[in-house]
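Letters A, B and C mark the chains in the order given here, with residues in each chain numbered from 1 onward.
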Amino acid sequence: MRRNRPNVLQYTALVMMAVLFAAPLVWMVLTSLKPETQITAAPHRVLPDEWRWDNYGEVFDSTPYVRYFRNSVLLCAGSVLGTLLSCSLVAYAFARLRWPGRDFLFGVMIATMLLPWQVTMIPRFLLLRELGLYNSLGALILPTFLGDAVFIFLLRQFYRSIPEQLAEAARLDGCGEWGVWRRIMLPLSAPALATVALFQFIAAWNDFGGPLLYLSDPEKFPLAYALEQYVSSYSSQIHLLLAASVMFTVPIVVLFFFTQKTFLRGIALGGVKG
Amino acid sequence: MNTHTKYKHEALASGLVSAASTRWRFVLGLVTNRFCFVVLFIVTALLIAQYDPDSTAVAPPDRQEVVFWHFWGGRDRVVVEDVVRRFNDSQQEHFVRAIAMPGNNLDLKFFLSVAGGDPPDLLNQDDPVLADWAHRGLLMPLDEVADKATAEQIESWLFPPARRLGTYDGRLYGLCNGLDIRALYYDQTLLEEHELEPPETWEALNRINRVVSPPEQETIKQFGFLPDPRRLWAWGIVFGGQFYDETTGTVTADEVPVVGAMDWMRSFSKTYGADRVAAFRSGDQSLTGSASPLLQGRYAVVMDGQWRVREIVAAQDKARSSGNPVRQYGVAPLPSPPGGRENAGWVNGNFFVVPKGSRNPAGALAFMKFWSGFDGHEAEAAVTCAAGGWIPVSPHVVKQPSFERYLRGNPLFAKFVELAGSPNQVPWPVTPGATYFQREITRTCEDAMYRDDAPPSEVMLREAATRIRARLKERVAP
Amino acid sequence: MPRRKTVTALLFVSPWLVGLATLVLYPFAASLYWSFCRYDMVSDPQWIGTANYERLGDELLHGGQFAQALRNTCYYAGLSVPLSIVLGISLALMLSWKVRGQAIFRTLFFLPSVVPVVATAVLWTWLLDPTDGMVNHLLSAVGLPGGGWFNSHREVLSATDWSATISSLQSGRHALLPLGSKDALVLMSLWGVGNFMVIYLASIGDIPSQLYEAAELDGAGPLRRLRHVTLPMLSPVIFFNLVMGLIQAVQAFTQIYLVSDGQGGPAGSTMVLSLHLFLTAFKELDMGYASAMAWVLFVFVLLVTVALFRTSRHWVHYQGAAR
C-alpha cells in the first residue's frame, strides 16, 4: 500500500480476477446474440457465428416486455418514495428528538433486523389481504411507507453527524420540528437519501418473493417475476432466456454507471481517507 | 422480499462506518446527487404518463368472462390459445381469457388466490392436489357446476383412469382434459444391430443391458435401460402392488410387490454402482436437453410419455430430409414380471377444476365440455387432441373419424391411446396429503437408488409408509 | 412544552410504530399461536398443542425432510459466509494497491453484485450446465473432469463423495467431480461478493497510515502488517459482515427457488429451510407446521448471533467508541 511503482505481479493478479468476474457477464451478452443452433454445438466458439440481434426482437414479440417494465418502474418509484418519506421522518425522531422510550425502541428496531422474513410472511399475507391489497402492486408498495430498520439506522447515523447548531438556529427563528426536518435535515442529508433511494430502487427492481406471493394478474407483473415466468415457458431456448436476462439487467447497470459515485460513496458514507 | 437484506446490510455497514468517523464532504455530493434525482424523476414521470398498456384480449361487453389459469408455455401455449379462440368463436355467451402461469407453482398461486380472495373461474392442474383442495372446500364438485345427472353421464363417458384422477370421496371434482400415459420407447435400429428383441417381455427388457451396456465396461456412453426413481409409482403397479387402497383408505406402499419393484430398480444401481448411475442420470437433465435422451442416443430404451412421439417423428423427418439414415423407434407397454399386471403403469393427466368462488361456473362448464369433448363436442375434441398430441379422455373421442385417421398416421401414438382403456393404469392416490405421499415415495426411491449405503428396501418403504400414514391421518382429520 | 415535544416526536415515529405493530408484533404473535395449531389459511386454526414441534423433533432425529433442510442450510451458510469474507477482504486488499486503473477494477468487481438475482440465476444455471456450460468446458480444457453442479446432489465437502469420485477415476471409469448443487449456489453467491468487498475497501481506507508506518519501523513485512494491523483494524467490519452474512445465507430464498425450479432438487439437495418452509406453507397447506419451523429458525438465528457476539470479545478490536 505504500509502493508507488506498478508491480507486475499485482497487476497480473488484478487482471486475472477481473477477467474471472467479468467473464460471465460478457459471456451472457455474447450468448444472447448467438443463433440457437450454435449454443449447443461443439466445439464451443466464443464469438457468435452471426450476430443475431433478432433474438432481442423475438423476446419483445413473445412477451409484453414494455408492460412489465412499466410495472417495475411504478413499483420502484412507489417503493422509493415510501422509503424516503418514512425512513427520514423516523430517523429524525431517533436522532434528534427526545422522547420517552426512544432508546429502548431503537434497540427493538435493531433487533427486528434479525427477524427472518419467513416468520412474518403468512400473517403479513393475511393482513394485506384484509386490506384488499391482494393481487395489486399496493401490497408491495404500502409496507415501504412504514419504514425499514436498516435505512432508518443509516439515516439516523447521518443525522447525528449534522451539527446541532443549525437546528437550534432554525428553532430560534420560529421553526417547528417539522420545519427543521424539512428545511435543514432533508437537504443536508441528500447524499444519504440518495444512497437509500438507490438501494431501495434496486431491491424493488429485484423483488421476486413479493410478486410470487401477492400477484396473480399478469398485467401487474413486474419484470423480475415476469422473467421467471418467461424462463419457465421457454426453458430450452437459451438464447432467448439470456436475451431477456440482459434486457432485465441493462437498466440497473446503466443506473449503476450513472450513480456510481453515489453508490460507492454512499457505502463509505463517513468519507474515505483522501 | 429477502433481497432487501442484501442491500440493507451494506447500508447498515455504511452507517457504522459513518458513526466511526465524522468526515463528510457535502457540497460536491449534493450537486451530483440532486442532479441524478431530478433526471430519474423526470424519466419516471415521462414513462408512466406516456405508456398506455394495451392489455390482452378483454371480454366484449355482452359476454361473461371466464378467467382460465393454466401452466402451458412455449409451443403448447399456442395450441391452448387456439382452443380458446375456437371456443370463443363458437358461441356468444361466454368469453374465456386464458392466463398462463408456467413453472411449478401454479397450485401455489391458485391457493394464494383463494386465500387472497380473488380466485380464477377455471383452472387446469396436473399435480395431485385435487383431494387436498376438495377436502378444504376450495372446489365446486361437478354435480354442483352442472347437475347430478350430467355428472353421472360424464363419469360413464370417461376412460377409467380419467375418472379416477378426478374423483374424490365418491364425487367428481375434476374433469380430465388430457391423459398422460407412459410406456417404453425403444431404439429399434439399435436393438436390431445388437440382435436384441424389443422390450415387450420381461426377459427381453432385462437382457438389453447385458448386451448394450455390459457392467464390466469401463466407460459407458450408452445404457440399455435405467429406471427412474420417480417411476417407482409405475413399476410398483406393474409388479402387482398398489400404493393406496381407496376403498379402505389405507396406505399400502410397503407391501411385497412394491418392495419387489424397488429391489428390481435398485439392482441396476448395484450392478453398475450407484455413483455411476447417478452421474449418468445427471447428464440427462441438461438445460438444453429438451430432446429425449433416447433421441440423443444415451439409452436404447426409455420410459416416457406420449408427448415424445412428436419429437421422434420430427427427428426422423429431419434425418430423411437431410439425407441421413433414419432410425426406427418403437413403443411397448411396460412388460411385467411373472405375477405382475399387463398394460399397467402410472397415469397422470391434466384436469379442469372449478374454484368455489368462480364467478362464471356455467361458462367454465361450457369450456370444459368443449375441450374434453363431452356433450356433442367429440369432433372438436378430436381436433384439439390431434393438434396438441394429447390423449383423449373418452373412448367416444377416440372413435371419431378424424382422430382415427390421426392414429393411423401415428402408429406409435396409437399404442399409448390403447393403454388409456386399461384398468391397470393407476394415478397417484387421490387423497389429502397426496403431495406429501408422492414426495416421500419418490425421495425414498431416490435415496435407495443413488446411495450405496441405503438400508434394505423393505425397511425404507416401511418407514416411509409409517410417516405417510401419520401425515395422512392429520390431513383427513376434520 | 415537553408534552408537545413528545407528541411531535411520536408523530414523526408513527410510520415505523404502525409498521412495528402490524408487520412485526402481530405477525410474531400470530405465527407463534399458529405454531401450536393446525391451520391452512382458508378455515379456522385448530389448537393441537405441541404436535408440530414434536414432529419437528421427530424429523430431526430420524432424518426427515426438516433435518435435510437444516443440514442443507448449514452447509450453504457454513461454506458461503467464510469464503465471501476471505474473498471480499482479498479483493479489497488488491484494490487498495496503488496501481493504475483502480477505478475500473473496482467497478468490474462490483458490477456482478448489481446484476438482478433472476438474471444471475439464469446465467449461472447456463454457465454450470454439465454438458454445455462454460465452466465444465474450462475445467476439461485443463484436464479436469467437470462437476455435476445444479444437476448433482453431491457435495464438495463430503468425504464419501470424494472417495466415490476418486475410486471411479482410479478404475478408469468416467466420473464427475463432486461439485454439486449447493456448491454451485456458493459459487454463485461468491460472484456477487462485490457488496462486501466495497465495505472492506472503505474500512481499509480508514485505517490510519501511522499504524502501518509504525509497523514498518518495527520491521514488519507485508504479511505481518496484514496480520497485525489490517485484520485487527478490520475486525469490527468482519464481525458485522459475519453476522449479517449468516442471517442472509440462512434466509436465502429467491436464487435457490429459481435454480431448483421451486423443487429443492436434485434429490432434495437444495431444499434449504427457507424453501422447505415456503413449500410446506403454500404447497402442503400446513401453516401450523410452517410457523413452528419459522420459530425454530428464528431461535436458531438468535442463538447463533448471541454466540457470535460472545466470542467477538476475543477477536474483535474496536477503535474508540463504536456508537
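Just so we're on the same page, a residue touches a chain if its C-beta (ideal position, glycine included) is under 8 Å from a C-beta of that chain, and two chains touch if they have at least 3 such contacts.
Just so you know, these numbers come straight off a predicted model, no measurement behind them.
**Q** Centre to centre, using CA atoms, which chain is the farthest one from chain B?
**A** A
**Q** Out of A-C and B-C, which chain pair has the most contact pairs?
**A** Greater number of contacting C-beta pairs: A-C.
**Q** So the centre of each chain is just the mean of its C-alpha atoms; given that, what is the distance between chain A and chain B in Å?
**A** About 36 Å separates the centre of chain A from that of chain B.
**Q** Distance-wise, how many Å sit between the C-alpha centres of chain A and chain C, to the nearest whole number?
**A** Centre-to-centre distance between chain A and chain C: 18 Å.
**Q** Taking the mean of the C-alpha atoms as each chain's centre, how many Å separate chain B from chain C?
**A** From the centre of chain B to the centre of chain C is 32 Å.
**Q** Among all residues of chain A, which ones touch two or more of the remaining chains?
**A** In chain A, 39-40, 113, 117, 121, 126, 202, 206, 208-209, 212, 228, 232, 238, 267-268, 270 touch at least two other chains.
**Q** Where in chain C do residues touch two or more other chains at once?
**A** Within chain C, the residues that touch at least two other chains are 41, 117, 126, 132, 198-199, 202, 206, 247, 251, 253-254, 261, 274.
**Q** If I count partner chains per residue in chain B, which residues reach a count of at least 2?
**A** 1-3, 6-7, 9-10, 12-14, 16-17, 19-21, 103-105, 112, 115, 287-289
**Q** Flag every residue of chain C that touches chain B in the complex, lowest number first.
**A** Residue list for chain C touching chain B: 38, 40-43, 62, 64-65, 117, 125-126, 129-132, 148, 151-153, 164-165, 168, 171-176, 192, 195-196, 198-199, 202-203, 206, 236-237, 240-241, 244-245, 247-248, 251-254, 261-263, 266-268, 274, 282-285, 319-320, 322-323.
**Q** Could you list, by residue number, the parts of chain B that touch chain A in their complex?
**A** Residues of chain B touching chain A: 1-4, 6-26, 29-30, 32-34, 36-37, 39, 44, 47-48, 51, 53, 55-56, 73-74, 77, 99-105, 109, 112-113, 115-118, 120, 287-290.
**Q** Can you list the residues on chain A that touch chain B in the complex?
**A** 39-40, 64, 66-67, 70, 73-74, 77, 113, 117, 121, 125-126, 129, 134-135, 148-151, 153-154, 156-158, 160-161, 187-188, 190-191, 193-197, 199-200, 202-203, 206-210, 212-214, 216-219, 228-229, 232-238, 258-259, 261-262, 265-271
**Q** Write out the stretch or stretches of chain A touching chain C in their complex.
**A** The contact residues of chain A facing chain C are 1-4, 6-7, 10-11, 13-14, 17-18, 21-25, 27-28, 31, 39-40, 44, 85-86, 89-90, 92-94, 97-100, 102, 105, 108-109, 112-124, 126-127, 143, 145-147, 152, 176-178, 181, 202, 205-206, 208-209, 212, 224, 227-228, 231-232, 238, 241-242, 244-246, 248-249, 252-253, 256, 260, 264, 267-268, 270, 272-274.
**Q** Flag every residue of chain B that touches chain C in the complex, lowest number first.
**A** 1-3, 5-7, 9-10, 12-14, 16-17, 19-21, 103-105, 107-108, 111-112, 114-115, 132, 136-138, 218-220, 273, 275-276, 278-279, 282-283, 285-289, 433, 435-436, 443, 446-447, 450, 452, 463, 467, 474, 477
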